[in-house]
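Next come two complexes, and both contain chain A; in the first it sits with chain B, in the second with chain C.
Up next, the complex of A and B:
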């Protein structure tokens, strides 16, 4: 059989090919694969499958350098989600994915459907979702547009996750003008499964029926995958209709029905119809199973009338799944779906002939030779070259940046940094997320350096965190990539968890620009260095390129989603100081580094210098020492030093838990030879502030692991405030003032957003719906 | 004592309620499907939290028409214990099992945080083991929790002591600052006249283990156990 055009199909012209994002070379490749002219439907299919989003055509060779193996990895990259064993016959499935471009034009639905998509990726592995995280990057909060985006994205994430009933427990949020116009919205989902329930999205068994399950197919989101694979521009506002609309209620039903289907034994494979919808899900399942498939678009349940095969194949209508059932079990599948008021229709079957065939009734509208549809995708090895100005920026002597007169009092600087939205409390955001549903949240947002979810029926728990400082990656991609992994690992270690594995979401600009591809390649190499050193393989992830605004690419931002394992949930450790009188110990060492710091960016508007060095062996020893101390029950609190440095970390330990503020008396005179602002606000890596009643034991453990450690002070009452002595210089701050700066910054900024919303729509002022 | 937990499409705290009955109280529990007409011999009914039918309309407005709700109403009519938690409270109000209604939070945002509530009434199946004035800490997680009634009903609700819980601050005072969602008179939970039906927005089933931050919710479940056994 061969595909022929349908009546009414537009002629295939160079302009139409270009509109579909295919280069002339790629079109030639398609023609030679088919041995004839493609039909319009085939052109549509290829434009989706060969889009960057689906094909990884620029990124795959570099991604292959990442370590992916460990004895406990049950499923590495290439499936809907990665899976690791946590013992006791249990496993954890997890994955992070971006929804940046949809969120840039329609923040509420863009973010909501991002959550929906990642949930489906996890429950199609046979795992029940138990936690959500998200990593967000926005432009400066000073502009109304950014405040609107923040409000919409946060509400979209909250409404979707809250309704489905999955706790949103952690994440990270940063603000920088570099993300203006192209925010990053990365959602991560973590699920729990019994190892024997693991199911893969691999079509098998000639004659087995292919079933479309869940919501009906409409015209929404057509070409979403291609939209994600091009630069954002003013014209993208016109692409708003490409953004899908989410229905978390249907998702909840689909979740329950899918898990029931998987354990029923009636199906052999299941996959989300995500990016590029039916096209991508069916082609990928066929490729993994090395079989052919045939699909009749007339049989796909449709929401709208008169949809063409092209539209049906490329729709990204949400809350749909593709299932390969066992032959003869069709009615059993339909019965399970009917219980949840969902539809299931047989739309095709697995065939022996190695072709990917789409029909409209009897008319073949698309036919590709077997797996080549996926495997013949073009691959590029773009040029990578660092921009000369990047090296200049990195070499700049940031110690020469003149201090402001107010900085004579370091408490002033500390307060300003605590108000910086990247550092300030994110409670305005996290209170909009249900973090306690499912009753397993031991540490939720703001409680510790990572979230902790207990595993019911065991003594275990898992720790979860996302991290990435894009500014470091911008200044030095290799070092920045290392730090992203190391900081995530350090964060899960601070709550008492052994770092196990990562998922990653690589947000970069246009890979055809040599300087952008340089950032990408070096950052991935840096991540690989750290993953190897820390023993945390990569189990999957997502690449989001073309994150650009008219000023250029966003900061290269490889977001790391780390999963750690806690054997004994009693040893979970929080970040804030626990009680007056405890001894404060610093693990790791202070340095003169100041480059790439939040201090320089926020106080001086300077983004320059080399980011702090990342000693991966040192990080590994630090994690081991910390876990030995926590596992021995010697640690009352642990918090790593990150943005804002040691002074900010100490301040947070005093007042991050607003209802129980404390103070601290700290002496850093041992480091009085360092520049004061580097000591207080520099972001040297590999440092953890902990409090303990057994300082001698902690120092002994640190020594055994070869980790520098020193007693630096004592926890005091809140009324004593935070006092940091460095030789003759003293930083003295009231805990209440620090607390106000930290806790009120974001609500204050977002209250402006509420006022602006009322300006746009006065009806909102009434407090009605 | 057998607990029946109603699963509406969109319920998402039904598993947590089952754990409360089985793991915390050591009692048998069964999930009751919304299309069912049978409480399967349940002594106690829990209407759990979630987003029944997506709550795209007014929260709980569709769930009250589920077939199972007729049986729940009859169960309540017999004087047997029923608790509505969060979305379950909204459904109980919509079904007329409890006075009042829940509106969108005053701040227009979904709120997830621990709150403190004060026990105003110990004469209910669900608070018999509490002290009057006892303060309990447990999470809230809702977008539509602003309790309201018309003026005449409010007079009756307050006059007849139907208010079971109020939002309070650390000092036990029902202040505006302690009121997370703008509820009338800081009302967090109410009962019916007989005291066998109680509804509240906070989640006692999420406060059963100190590991998760609070075990203050246990006393509600221990109360119903004591009342039914008595």
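Up next, the complex of A and C:
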């Protein structure tokens, strides 16, 4: 059989090919693959499959350098989600994915459907979702549009997660003008499964039926990728991409139905119809099983009249799944779905003939030879060259930046930093999420450096965190990539968990620009360095390129989603100081580093200097020492030093728990030779502030692990305030003032949104998902 | 300046999934209203405003819809009526 055009298909012209994002070379490759001219349907299929989102055509060779193995990794990259064993016959499935462009166009629905998509990736592995995280990046809150985006994205995440009943427990949020017009919305989902219930999305068994499950197919999101950056004017109204609208109640039904299907034994494979919908899910399942498939688009349940095969194949309607059932079990599958008020229709079959075939009734509208449609895509090795100005920026002597007169009182600087939206309390955001549903949340948002979810029926818990400082990566991609992993690992260790594995979401600009590809390659190499040193393999993730706006690319932002394991949930450790009288110990050492700091960016508007050095061996020793001290029951609180440095970390330890504020008397005179602002606000890596009643034991453990450690002070009552002495200089601040600065900054900034006109302009959005 | 009352209908954009409308349609089917094929749930706003004439009142409300009252990405709006008050 061979595919022939349908009546009404547009002619294949160079302009149409270009509109589908294919280069002339790629089109030639398609022609020689087919041995003839492609049909319009085939062009649409290939345009989706060979997009970066599905094919990784620019990123795959670099991604292959990442470590992916450990004895406990049950499923590495290449599936819907990664899976690691946590013992007791249990496993954790987790993945992070971006929904950047949809959120830039329609923040509420874009973020909501991002949550829906990542949930499906996890429950199609046979895992019940138990926690969600979000990594968000926005422009400056001074812009009305940014405040509109923040409001919409946060509400979208909250409403969807809350309706499905999955707690949103952690994440990270940063604000920087670099993300103006191109917010990053990365959602991570974590699920729990019994090892024997693990199922993979691999089509197999000739004659097995292929079944479309869940919501009907409409014209949503068609061309989500190819027309993403086109001007959304009235003139091209007709082809305006329709945003996908999520329906969390259907998702909940789909979740329960899918888990029941998986344990029923009636199916062999299941996959979410995510980006590029039916096309990518069917092609990927066929390729993994090395089998052919045939699909009849007339049999796909449709929401709208008159949809063409092209539209049905490329639709991104939400809450749909593709299932390969066992032959003869079709009715059993339909019965399970009917129980959950969902429909299931047989739309095709696994075939022995090695082809990917789509028919519309009897008419073959697309047919590709071979079964490697996804990986037989073009591969590129783009040029990587650092922009000359990047080296200049990095070499800048940031110690030469003149202090402002107000900085004579370091307490002024500290208060300003606590008000910085990137540092300030994110409670305005996290209280919109249900973080405790399912009643397994031991540490929720703001309680510790990472979230902790207990595993019922065991003494275990898992710790979860997302992290990435894009400014570091921008200034030095290799070092920034290392720090992203190291900080995530340190956060997880601060609550008492052994870092196990990561998922990553690589948000970058246009890879065809040599400086952007340099950032990408180096950041991935840096992540690989850290993953090898810390023993945390990569089990999957997502690449989001072309995150650009007219001002340029976003900061290169390789977000890390870390999963850690706690053997004994009794040892979970919080970040804020626990009680008056405890001794404060600093693990790690202070340095003169100031480059890439939040202090420089927020107080001086300077983005320059080298980011802090990242000593991976030192980080590994620090984590080991910390876990030994926490495991021994010697640690009352632990908090890592990150944005804002040591002074901000100490202030947070005093007042992050608003209802129980404390103070601290700290003496850093041992470091009085360092520039004061570097000591207080520099962001040297590998430091943890902990409080303890057994300081001698903690120092002994640190010494045994080769980690620098020192007693730096004592926890006091709130009325004593935070007092930091450095030789003759003293920072003295009232806890209540610090608390107000920290807790009220974000609500104050967001309240302004209500008073001003909302500027919704979809044309401002650029880039891709 | 005269006073006008402008009413406007805001409904989900045609072709977009409308979970609320679908839920209502399903409930109607359950109650036996099998003849119902589709339901869409939107909003009806009534705005009293001063304007030089009816056309200017309508123009102003269209602008309000585009900028605040309706979300142009997910909703369509239509002016249902303009009356002098």
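Here is the rule we go by: the second predicted complex is superposed on the first by the 737 of 769 C-alpha atoms of A that agree within 3 Å, B and C clash if a C-alpha of one lies under 4 Å from a C-alpha of the other, contacts with A are read in each partner's own complex, and residues count from 1 in each chain.
One rule holds in what follows: a contact is a pair of C-beta atoms (placed from the backbone, for glycine too) under 8 Å apart; a residue touches a chain by one contact, two chains touch by 3 or more.
These numbers come from a predicted model, not from an experiment.
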Touched partner set for A:245, first chain B, second chain C, both or neither: second
Broader residue contact with chain A after superposition on the shared chain, chain B or chain C: B
Which superposed partner A:441 touches (first chain B, second chain C, both, neither): first
Chain B versus chain C as contact partner of A:109, first or second or both or neither: second
Partner chain in contact with A:253 - chain B first, chain C second, else both or neither: first
First (chain B), second (chain C), both or neither touched by A:135: neither
Contacts of A:318 with chain B and chain C, given as first, second, both or neither: second
Partner chain(s) touched by A:539 [first = chain B, second = chain C, both, neither]: neither
Touching partner for A:642 - first (chain B), second (chain C), both, neither: neither
Residues on chain A lying within both footprints (that of chain B and that of chain C): 247, 249-250
Touch list for chain C against partner chain A, complex: 12-13, 15-19, 22-23, 67-68, 71-74
Interfacial residue positions of chain A with respect to chain B in the complex: 155, 158-159, 162-165, 247-250, 252-253, 340-341, 430-442, 454, 456, 569, 659, 754, 764, 767-769
Sites on chain B touched by chain A in the complex: 9-10, 12-13, 15-16, 19, 49-51, 53-56, 104, 106, 108-113, 139, 141, 143, 170, 203, 205-206, 208-209, 211-212
Residues on chain A engaged by chain C in the complex (per definition of touch): 105-106, 109, 215, 218-220, 242-247, 249-250, 303-304, 317-318, 757-760, 762
